[in-house]
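Quick one: this structure, given as structure tokens, is what I'll be asking you about.
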């Protein structure tokens, strides 16, 4: 109930503050007999890790996964998978001066009011370091989905006002992992990187949009009426730090279309029923229709900036504040695997749920 | 697990197909001793009811609520509140010709594939008639919230390309209930109505944006990390029929801002800590900060249109299709109380959850 | 959270007070495409119904089931099954004199303290009339299990001090439905009936033990560690009104055995691994082992008795009290289908859960 | 869903196999601001630890708790409490010879059939080593309950056929922690110890009954109808390894009583409403009535015995088997803190649940 679990049948429960001993989690409900490629899992964590490039934070956490249970000979046992990632490079002193203030855009203030107490060593539980656990569970889900030929790929579509042209269908998504901003358009990637570097110098930050594409989802995933597939995807994305918006298919653009333009007409191709267009983004009535699923996730600019800001301290006095420390001027490149992970967990969860919907 | 329940402590489980005997639900977890204004509840249903104006469907369902349990002398007992609304005006014959086809933009196709069987009498469970139960639970939640002086108001912000200027702070929201499109700008409302009437004649439909504002939420609601308050709001809205997008505060617009522009600086006013701006939309780190909560919900155009569309039938043949019947050319005016209801259920649920977060 | 739902994937949420408009429920998670024998369901309700014989209450509720959703042409749709049973024969006047007193052995006192308010029209939500919903869900579960050749049969093993000899293996269980006390030993049944009739005359009541046997459960049902199959069965039985104890297999008797006596040795029979004895009652480590599952459920004597008792009233005064009204001197015969129903719901639920435990 | 979580608001999710790296868990929903006495918690683990006396296994696991999150300066933060206990003394070689056989009375066979794979290094997930996590969560719950003056004490009431006279009211419970069998009757304790030692020599084992008493529970805990307080207690106890039975208050004995004997008459004492007798065991209609709660838990004899038994191996051949290794001839003394822990978790959970039942 307290918000640290995600999923119905494939379920992650996570723990950990940014400057505690370790963060970690328990994955319950992973079917037995799944072969785990541990290098792949560590590699997914590396995609999320700080210090990958000069546009991300210079913190160099190595984020090494340790599995404690649920696995024997690299195969799942059907029992809960416990894992931890030790916190090694916590420079709590960076945060000493922050323990008496509320950083604008951060959760310091609300955590203190909510719980009556707050972990003053950095963001504590509200730090994005928590998302490591999501990437672990997401990596396992990807391995499960691979068996069903389902692929999930996210990429940076927009940084500030710099956007690629059109959606995923217009780009070679393999390109996105070849540049540090994870954008499939190499030219735009350079522009984005320049913009981020400029903001970094200014002590400022920026946001952007990540688009995620899921291919080969079978028809029928999604649990109407409240647990519609895109509703769950939306919740998952909105639960990621700094996310302020989500839309699927034509999304906010569909507002301007007429029904006759928006509706995806059915047709027969290769003896299968598909839709001619895909404005719906692969989900109709909350249930996957077999077409590609794609959606956008809007991230606000990083809250931690060096620029002087107005704020108040815990004694209730107005102050001026500069947030020192090693922060990402733009979180999107590192958020790409997080978006993929949340999507993977959901698709796997809903595949399992669908196993019980028909009497057979 | 099967998707027909919503909420953690204040929980609605709903049932019902559009053309079955009745729809209804069970509200579990409503605290005992809450006085219920039954007229208010019926009135909320009336706001959602078809046939309210010439821009909505001429179907004239009276949608009369019948409470079966959980209430004595208009006061809640703490036991589950069972309720039904009988289906009276089902013209199933309108649907007879549709039983062998898949309507574009509808859930006919995916329901049949998901369950292996489908209620061919109209949309069945995928019909928006299901949302009646949400309005019942939402009305009860509103009565609970009223005690805490929390108000929730939604309105139509945009229809097609016709949008009001600015956000809720620029308008008198009381105006929105005075016109049939539920827009707080009387002039824009007229434009919107004309546009909808024009599309109705054309046998076409349109979408739009509803904005919702929640005032006087206490600081501290929201359960990090997965059940952040705005994540739950997003899921709730995306679970409403025809919704394709959700954003909160500056939302998708925040993408273009710098951190120094986006961050809401803290200040002291009347001895309380507030923020100077409210780009975050009243929620930081997934927890309410006491400022107004506001968010946008994007609706696609109604799927049911008279215009001829390409489709396929259940025998797998390509066909031409016109969806007859009495459909709303634009669902937004009737969706306003649904958006409010989902928001009310969540705020109430999270108020209850917050009662157990501190040791006292 | 509020206690009115049961099950994980096959889930019943129920509502209803004894003297309200109706009682009923929603069954969510029943797989689509299950053929429902509606006569069988009604017949199961009839087995629970008051007024079946001269040893049960003379109240003659007809308890007619009305399905409102989730079923088309007697087949489940995969959508929630809503149902109601109207309360017709409520003689609230019987209870008028009870509204200001707390009946010993009843939940009047605790309900009022728990909720601050109480339905004074009879037992309200604490009445065993609530179990009707369980029998509806249980009957559907039985129909599901029948496809898998799984049978569930309960019977009265003991009334007061009158007990049959040995356990279910020593008796022809078909006999139990042939007498009004539902005991498989016709001679003992007569003794039991005489005893009950005698107590009825005395204005007193008695309890007893119901044993339940489940045959043909596949190997592998049960979710360690907290949701062990017998733990869930225990909870289900203890949630039935008047139940004070539960044990499985040799149960409390196993306390006196040595490990060498208790352990069920494995052997091979017809190329299958079975156990020579079945002290464990078909469940080991919380997981079914393919042997018959059998357990005992202890019911205390009915609380409502005509005999004068000491009690207090709502004004806090000590009083003398006789509970008038038409009550069962012994609830066990009517509780037999309730025990079976709870067992059936669990076995079905765990069959569904087991569908996702292996990667295939 | 997969059975490794327990509780509604105060929730333990556990992981770990007996011979893996570590066992541990996550406690979610512990209110913020609770002072933790870490020595007390370790001491509770010590009460459960093997090697405490000559009647328990000579394995000397030190079972040292390591908290990884959720606590700062010995105070809870309101965030999830992650913890691990490393497995140090695993003599897997003891189990090498067991990997190809199914031990009678153990879960080897059913785990392998359920999951298609099995941790052959000892009992794996089915080992009672898993209960360490329960004792951690239970110890924290006890600290929470202490604030409300609620105490929970369990003790050994019966071993084999050796039973103390009467129930908890007849004994000085403080005595039970003064002997190695945890029985409040010093004389009977000696008899029990002799009996256990004799069986140990014979390579055999025995079971028994633990009784647990909860004092000062407020009136009103318990969530009808399915989550009745004693139903949840029953499930919790039945989920402990080797438990085969549970009854509350007069339990199975109540079967022989008449209603007039069983009903607990109300009276006024010190201006409070109490009951003269306490046959119901402090719970009526599933809700606590303020009287002492007491219940019995029946444990079967330990399955692991040296005596030769018939069994089969994984190749499907019948074999003779002696289970070597360092096993408890009687688990009850070490199970006493486990029983208390499960009870403590439930009472804390239901105290939290009760906070939302009234509108105030």
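Order of writing sets the labels: A, B, C and D. Residues in every chain begin at 1.
Just so we're on the same page, a contact is a pair of C-beta atoms (placed from the backbone, for glycine too) under 8 Å apart; a residue touches a chain by one contact, two chains touch by 3 or more.
The model shown is predicted, which means the values in this text are computed figures rather than measured ones.
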item: Same-residue or different-residue interface between subunit A and subunit B, half as cut-off; value: same
item: A-D or B-D - the one linked by more C-beta pairs in contact; value: A-D
item: Subunit B and subunit D: spacing of chain centres that average the CA atoms, whole Å; value: 46
item: Where subunit A and subunit B are represented by their mean Cα positions, the distance between them in whole Å; value: 26
item: Inter-chain centre distance, subunit A versus subunit D - centres from mean C-alpha coordinates, in Å; value: 39
item: Numbers and ranges of subunit D residues touching at least 2 other chains; value: 1-5, 8-9, 14, 29, 32-33, 78-79, 114-116, 125, 224, 357-358, 360
item: Contact footprint of subunit C on subunit B as seen in their complex; value: 1-5, 8-9, 11, 13-17, 20-26, 28-29, 32-33, 66-70, 72, 75, 77-82, 84, 114-119, 121, 124-125
item: Subunit A - residues contacting subunit C, complex; value: 1, 9, 29, 31-34, 76, 78-79, 144, 147, 224, 352, 355-360
item: Touch list for subunit B against partner subunit A, complex; value: 1-6, 8-9, 14, 102, 104-107, 109-111, 113-116, 125-126, 130, 158, 160-161, 199, 204-209, 219-228, 230-232, 234-236, 238-239, 241, 244-252, 254-268, 271, 273, 275-276, 279-281, 284-289, 298-305, 307, 309-312, 316-318, 353-354, 357-358, 360
